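Below are two complexes that have subunit A in common, paired first with subunit B and then with subunit C.
Right, the complex of A and B next:
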């Protein structure tokens, strides 16, 4: 077997495994863990378009998750609009908000951008927590919203976990494809260039600010879709769960530890950190709620010291070494 | 000869400091025009006024007869003025080819076309062998050439080069001179700031001398090298350094 065929075989096997997993994993709680793992991978992949490529560190992306969840839910509960359409509406609103936030803040350097996105995220949470009604729409403040049960594809509600699994898997696949495609065309080159050396990029014809805002719009749109997904998965959500700082941080942590600005980083980051988070939630949350973020912090420090480009780098290197080793020893 | 760039009474003040003071000059199409002067004379600042990084405090810049004062850098690039930076600014974590393709995307949106254009430029800059090297791993000489390659990839009619030979060995300087002559022979006008006298004298058709922000003279390399004020202000010191 040549190196290329082995590489391809392994990748096809991985894809097949992932797509057939619900056939063997029948325990709904395990499937739920996998769904959330992909959900985080999807969120981080969306975040990566701004946080990884445009060279800034957004720390308020949960705001767009919230916008997605609340928009589609309000449209469904109040107006009977299918969450599938509500999801798109949430994405569009999130993109518009992202542009409004992005135009002034994306010009800011480093910490100032991070702080202002954080402030916006927190501001939105506090606003929603203190708002019971917005016009004719019921938000219920900190108590959140329950989505009435009615299982059907049209209503984006399913008895089993498996449909949710496939939906988030397809969303992740599309997000990865978009990222991969963008990295190979002009916008990807311009975002990377503008993120690394803005002045040099400008001299080469790049309107750096404009491309960052475009990236922000795409990223916020994609992030909001995950908000609707979460609402339909849980059928109950409240501001702390989807608008919190810790969610924004968790996304950034996964990206930084996995490998910021890379295709595989968000997925590998989620693959490694989600089990940590689930474990600490199940066994340690009574000791110290939010402990997973403390553990993330420690892991982040170690990763930044030893692998500043994230764990995707040694993992990719190991995979290549493995391919070489196996194909050589087989002759 | 047709003027391609006209700088008319351009001044740039930083607070009380007149970094560029009422400078006028005209560069003709196809020419190599040198700009010399001691450190801090205002050369880079004048470049930044032409390339849109600074808006002149007073005066105007015309490119092919069109006023471009205050036009943003990325739009200056689209008008076909390319520039390099005195302190090179490569995209360090990217390959030489990637760096150059960023420039070439100013000309086309088709990745395959852009790649070919970038490769052609790297060939001209004699960097083709390094196309897969990460920019951070290049020698200083190659970084300087990458800086020119990226600017050339945008297909400029006027190229602004800010000390692109500083810190190079004599044989590396000779190679850049050769490359620049090749670029000029294709009809690209070059406006070059340079400290290395041998290079600027060999390259330039005309030279302007800047001191304390003011243009103190302009002429052929021969005229400039024989001018008393220039020798006093600049060449004397530099020749002593070069002699060591």
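Right, the complex of A and C next:
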């Protein structure tokens, strides 16, 4: 077997495993864990479009998750519009909001953008937590919204977890495709250049801020879709769960630890960091509250000091080394 | 009329203390070009240090500054030297090293949660000799600890400006913040300058901690409240600007205390965010932001 065929076989095997997983993972709670894992991978991939390629640090992406969840739910509960359309509507609103925030701040130093997105995210959380009704729409403030049960494809509700699994998997695949495609067309090159050397790119006639705003709009749109997905999966959500600093930071951390600005980074980051944080929270917080976050902080610092390009770099190197080793020893 | 005047006085006093907290952040940003996300946690450390100094030694909270402020200076100095410097060195060709922001966030998580592990989640209050004391000025009621906090802000800001303008180290700090390559070519050890700047920024949080302790609770995540406030204040005032931080602080304090007379406090929090976003649209680099940031 040559190196290329082995590489291809392994990749096809991985894809097949991922797509057939619900056939052998029948325990719904395990499937739920997998769904949330891919949900994080999807969110981080969306974040990566602006946080990775455009070289800025958005720290308020949970705001767009919230916009997506609340928009589609309000449309469904109040007006009987299918969440599938509500999802798109939420995405459009999130993109518009993202552009409004991005236009003044993306021209400035990165710190302004990071802090502004963070303040916007917190502001939105405070607003939602203090609003019981918005016109005729019920937001229920901090208590959150319950989605009435009605299992059907039209209502984006399913009895078992497998359909959710495939939906988030397809969403992740599309997000990865968009990322891959963007890195190969002009906007990707412009963003990369603008992220690394804004002055040089500008001197060459690239309107860096404009492309950053476009990336921001796409990223916000995609993030809002994940909000609708979460609402339909849980059928109940409240501001603390989908809005606020913790979630925004977690998305950024997954991307940075995985490797920002790379295709595999967000997925690898979610695959490794999510289980670590989940299990350490479950097993350690009863022993010593706070210990799991100390570990989390330590991981962040150590990865940033020793692998500033993220863990995707050593993992990719290991994969290549493994391919070489296997094929050489055979041939 | 009286309530409005009262609101202005209260807002200015508490706002000046916010401004002092933001001053440390803006100083560190001005020099290293990094937002210190562990800034609120440094304040938390300062408040715990002040709390235990008062509790164990039984001294006046303002006298505790003699111990707390140098302790926090070394704390910040060592934090920059041990944790942040290696990343900063690795990223020395990057204008705004994002990795450093993430490292400071890691420090934030560790500090807050180690404190939680050691001291528990409870809210601690300490009764000091000036807690709850007031001046009466006609109909105006002025809280003594907040008034002294206001005085501390003025003293610390003037001292900082003097230090930056007239001492050799202050001049080095300003030089490094303008152009770090040129400064190191002139024989300034840039990493030493960063350590000192970080130390001073953290030491200021020691002053704030001692000023807050007579009238504020101490708990492990107290820093987060001040973190978000400080971020808003420094962007409002313009990153890296000393008058910007102070005036931004007073603006936030005034919004909070004036708003509290008309609505619940959670809504005043929202108004702070609205004003913040409005300023961002009108003058994106903040009220005193430098033209270079455009």
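In this text, the second predicted complex is superposed on the first by the 317 of 331 C-alpha atoms of A that agree within 3 Å, B and C clash if a C-alpha of one lies under 4 Å from a C-alpha of the other, contacts with A are read in each partner's own complex, and residues count from 1 in each chain.
The working rule: contacts are C-beta pairs under 8 Å (C-beta built on N, C-alpha and C of every residue); 3 or more make two chains touch, one makes a residue touch a chain.
Remember, it's a predicted structure, so these values are computed and weren't measured experimentally.
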Contact breadth on subunit A, by residue count: subunit C or subunit B: C
Subunit B versus subunit C as contact partner of A:115, first or second or both or neither: second
Touched partner set for A:290, first subunit B, second subunit C, both or neither: second
Partner chain in contact with A:240 - subunit B first, subunit C second, else both or neither: neither
Residues of subunit B defined as touching subunit A within the complex: 51, 53, 72-74, 77-78, 82-85, 89-94, 98, 101-103, 105-106, 109, 111, 114, 150-151, 153-154
Contacting residues of subunit C [partner subunit A, same complex]: 29, 33, 35, 83, 86-87, 90-91, 96, 98-103, 105-110, 112-114, 116-117, 121, 220, 224, 228, 231-232, 234-235, 239, 264, 266-267, 269-270, 273-274, 276-277, 280-281, 284-285, 293-294
Complex contact set, residues of subunit A against subunit C: 55, 57, 104-105, 107-112, 114-116, 118-120, 122-123, 126-127, 129-130, 245, 249, 252-253, 256, 260, 288-291, 293-294, 296-301, 304-305, 308
Residues of subunit A defined as touching subunit B within the complex: 184-186, 189-190, 192-193, 196-197, 199-208
